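Two complexes, one shared chain (chain A), two partners (chain B, chain C).
Right, the complex of A and B next:
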């Protein structure tokens, strides 16, 4: 180590106790020895979120949140602004990848039973993070002010009206009037860039702090001491016979983070119009309903579900209940068995839900 | 704990049994409407003219119009004939601006309300002057139809249509004079479509093509071969500039692809190196 870095290190050491800080967080922090690649998905989500923040700020420099200028400014980002196309593509492709990563993260946590006590709060904060990520996608979708975004938002913001008493109010609140206009655009813009990011960061900090405080779950399959002991006092889950976080898990996380970039650039290079169908290159026109309107892929399943339930109020209530079940799942499933392979009923329910989602998505696609 | 959560769930289920007084907009706007196609506005002209009250020889007009380029651009019966499409009893009253059916000699002015430049050139042309003086020249409808008006192209000039009154000789020379520019314009149109598919909004290129094409086609209505030939170079040059612009955009797209592929390769190599140096912990 050369002199300068040594001096900087020493300077920090005497002030903040750098060595101890690094040791306790990197090498003394131990993770279960049979940890698998799925445990890196949370870190991938953090990387994905950072990409959204950085590219989002770059877009913000040139984007104009006004109905008369939004479309043109986004086209200018794509054609005139140096590397604007790259930032926009990364932001758009990234938003979809991020949602996919977060979703897989959640499913694997579910399958490994890691939401069980004492980690209920971790699950809830994660569930809220998922909801906020979806809100990011929903609010961001309107911003380029294309035919696609305009009409998808028109349909989506009409959904709350199915709810009696407050539905109308909610819909008007979202739109800032009786239909989607420039007011809606500025509203969604405000939510997208100034309300959701701090909320997201706050929940992310809570989520990660909880994970560090409670300790990573032990072996995913098979019973560990955690479930056996009665929950009468806090006990951090240490893994004395596990591996140090640095370098073993960090390496894996970095590898998966890089893979995330590779997939992202793969889509940008070889399928640049994957997330831009024809309607996405036509400016919004309130008087011309396009041939086909459909929401983003991650909203297709709920969208189709609403469409096929004849009573809209029933449909929307069902979705709210499903969302509540999802968020509060650890309190509903208090069975001590973590291994899903020993729980045929839960396994069956899981498979049915997944298949139903795929079918609904496929169905809603057309 | 579990009991409270279930209670909460029950509370949420409770309103299900109530009947929601939800908005009509949702029921109609979200459910029944397929969200496709333009919402038809009530129009009494079309309604009455396609009902069985109509004379059989008029009955097809509304259908013809529906398939026309005018219909797609929002030009309806009353835009040409005047009248009030919102009021069934008074719709064809002259008080509401109804002008009825134009006589052949009136057709150029009838269409020229909107196609001003073309009207001017047409009236100065051999065809126009002939219509004026002897009533023998072709008016707009002869070449474009009245209700089934489609986008114009040079195939309107064909032996069948142009030999009704004189030999095909002059018409043929005219068609040849138009061919070069029209062919190039067709190619550019394909280029614009390709740009759209590539996710680019070709606003500027589209506008310049439209303007150039309209100007050229307006010129055609003089049916003056010499004039068209004289200005062919100028139009080819204008179209050439648009073509170059489109090609430039494609080159730009390709370099974007290359750059992004380069980044992908970079990250792949980083990943590969990391994969090789990753140590598996020894027990």
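Right, the complex of A and C next:
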């Protein structure tokens, strides 16, 4: 360590107790010895979110949130602004990858049974983070003001009309009028850049604080001592026989973060139009709904459900119930066994739900 | 009443009133003003819609599909699908209206033939005056 670095370190040490701060958060913080790569997916989501923040700020510099200029400003970002295409591609591909990472994270947590007590709140905050991530995707989708984004938003903002009494009011509130117009665009822009980010950060802080406070779950499968003892008092899971967070888990997380970048740049380099169907390059036309309009892959299953369920109220109510079941799952599944291999019914339900989702996505894509 | 209890109650009352007095203007600020009732007519030349074709026009800010069908003559219907708000298109070969979003179909009277739409398309008044179509 050279003189300047040492002086800076000493300066910080006497003011904030740097050594103790690093020790307690990196080397003294123990993680379970059987930790695996699936435990890094939360950190991958944080990396993904940071990429969205940085690229989003870059796009803000050139984007114009006005119905007359939005499409053109996005085209100029793609074609005229130096490396504008790179930041937009990173933002678009990143949004899809982030949703995929959050989804896989939730699925692995489910499979390992780590939503069970005492981690119910961690699961709920994670579920809400996933909902906000989807809201980011939905609100950001309108901003380029393309045919696809215009009509996808028309459909989505019509959904509340399925509910009597308040439905029309909510729909008008979202749109800022009776149909999707420039007013809707500015509303969605405000939500995307100023309402959702602080909400997301707040929930992320709560989520990470809960993980640190309760301690990482030790057992991917089988019942841990936490589940065996009666839950009458708070006891932090310390893992005295585990590994230090640094270097073991932090290096795994860094590796997976790099892998996330690799996948992102593979898509940008070899499939740059993968997330840009033809309608996503045509400016919004309020007089013509395109022949083939489909939402992004992560909304395909609910989209197809709406298509096949003949009653609008029933179709949308069913989706809200499914979302509530997903978020409050820890309170519905109170079985003490964490190992999904010893729970044939739950395993069967999980497989059926996954297959149904894949079929609905494939069907919706056709 | 103890002084502390009184202060806590006062704080609760003032807090609730402050929150409510802010919530109402916020809701009004976000809610769009109601559309004014308008009965402006839209005029279209007959020659602009050849037989077996359709055209979408904006009547009082609402999209309306005007169809010229051989047997039924001129028809005007709201083109907003009653399911989730996409615009229906005229399929001349089958003489039906189709919503491209979720596949709902309607006949030329606006009645639902198939798919998820919960209600028929609303009819829009249309009059033929010489060489003009007056819609609305």
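The definition used in the following text is that the second predicted complex is superposed on the first by the 366 of 366 C-alpha atoms of A that agree within 3 Å, B and C clash if a C-alpha of one lies under 4 Å from a C-alpha of the other, contacts with A are read in each partner's own complex, and residues count from 1 in each chain.
We take it that contacts are C-beta pairs under 8 Å (C-beta built on N, C-alpha and C of every residue); 3 or more make two chains touch, one makes a residue touch a chain.
Keep in mind the model is a prediction, meaning the values are calculated, not measured.
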| item | value |
| --- | --- |
| Overlay on chain A: chain C relative to chain B, clash or fit | clash |
| First (chain B), second (chain C), both or neither touched by A:293 | both |
| Touching partner for A:155 - first (chain B), second (chain C), both, neither | both |
| Touched partner set for A:362, first chain B, second chain C, both or neither | neither |
| Chain touching more of chain A, residue-wise (chain B, chain C) | B |
| Partner chain in contact with A:282 - chain B first, chain C second, else both or neither | first |
| Touching partner for A:266 - first (chain B), second (chain C), both, neither | first |
| First, second, both or neither for A:315, with chain B first and chain C second | second |
| First, second, both or neither for A:176, with chain B first and chain C second | second |
| Those residues of chain A which chain B touches in one complex and chain C touches in the other | 151, 155, 158-159, 161, 287-293, 307, 311-313 |
| Interfacial residue positions of chain A with respect to chain C in the complex | 151, 154-155, 157-159, 161, 169, 172-173, 175-179, 183, 286-293, 306-307, 309-313, 315 |
| List of chain A residues in touch with chain B within their complex | 33, 71, 75, 78-79, 85-86, 89, 151, 155, 158-159, 161-164, 167-168, 171, 243, 247-248, 251-252, 254-255, 258-259, 261-262, 265-266, 268-270, 272-273, 276, 278, 280-283, 287-293, 307, 311-314, 317, 320-321, 324-325, 328, 331-332, 334 |
| Chain B - residues contacting chain A, complex | 1-2, 5-6, 8-9, 12-13, 15-16, 18-23, 25-27, 29-31, 35-39, 196-201, 203, 249, 252-253, 256-257, 259-261, 263-264, 267-268, 270-271, 274-275, 278-281 |
| Of chain C, residues touching chain A in the complex | 30-32, 35, 56, 58, 61-63, 83-89, 99-103, 115-116, 118 |
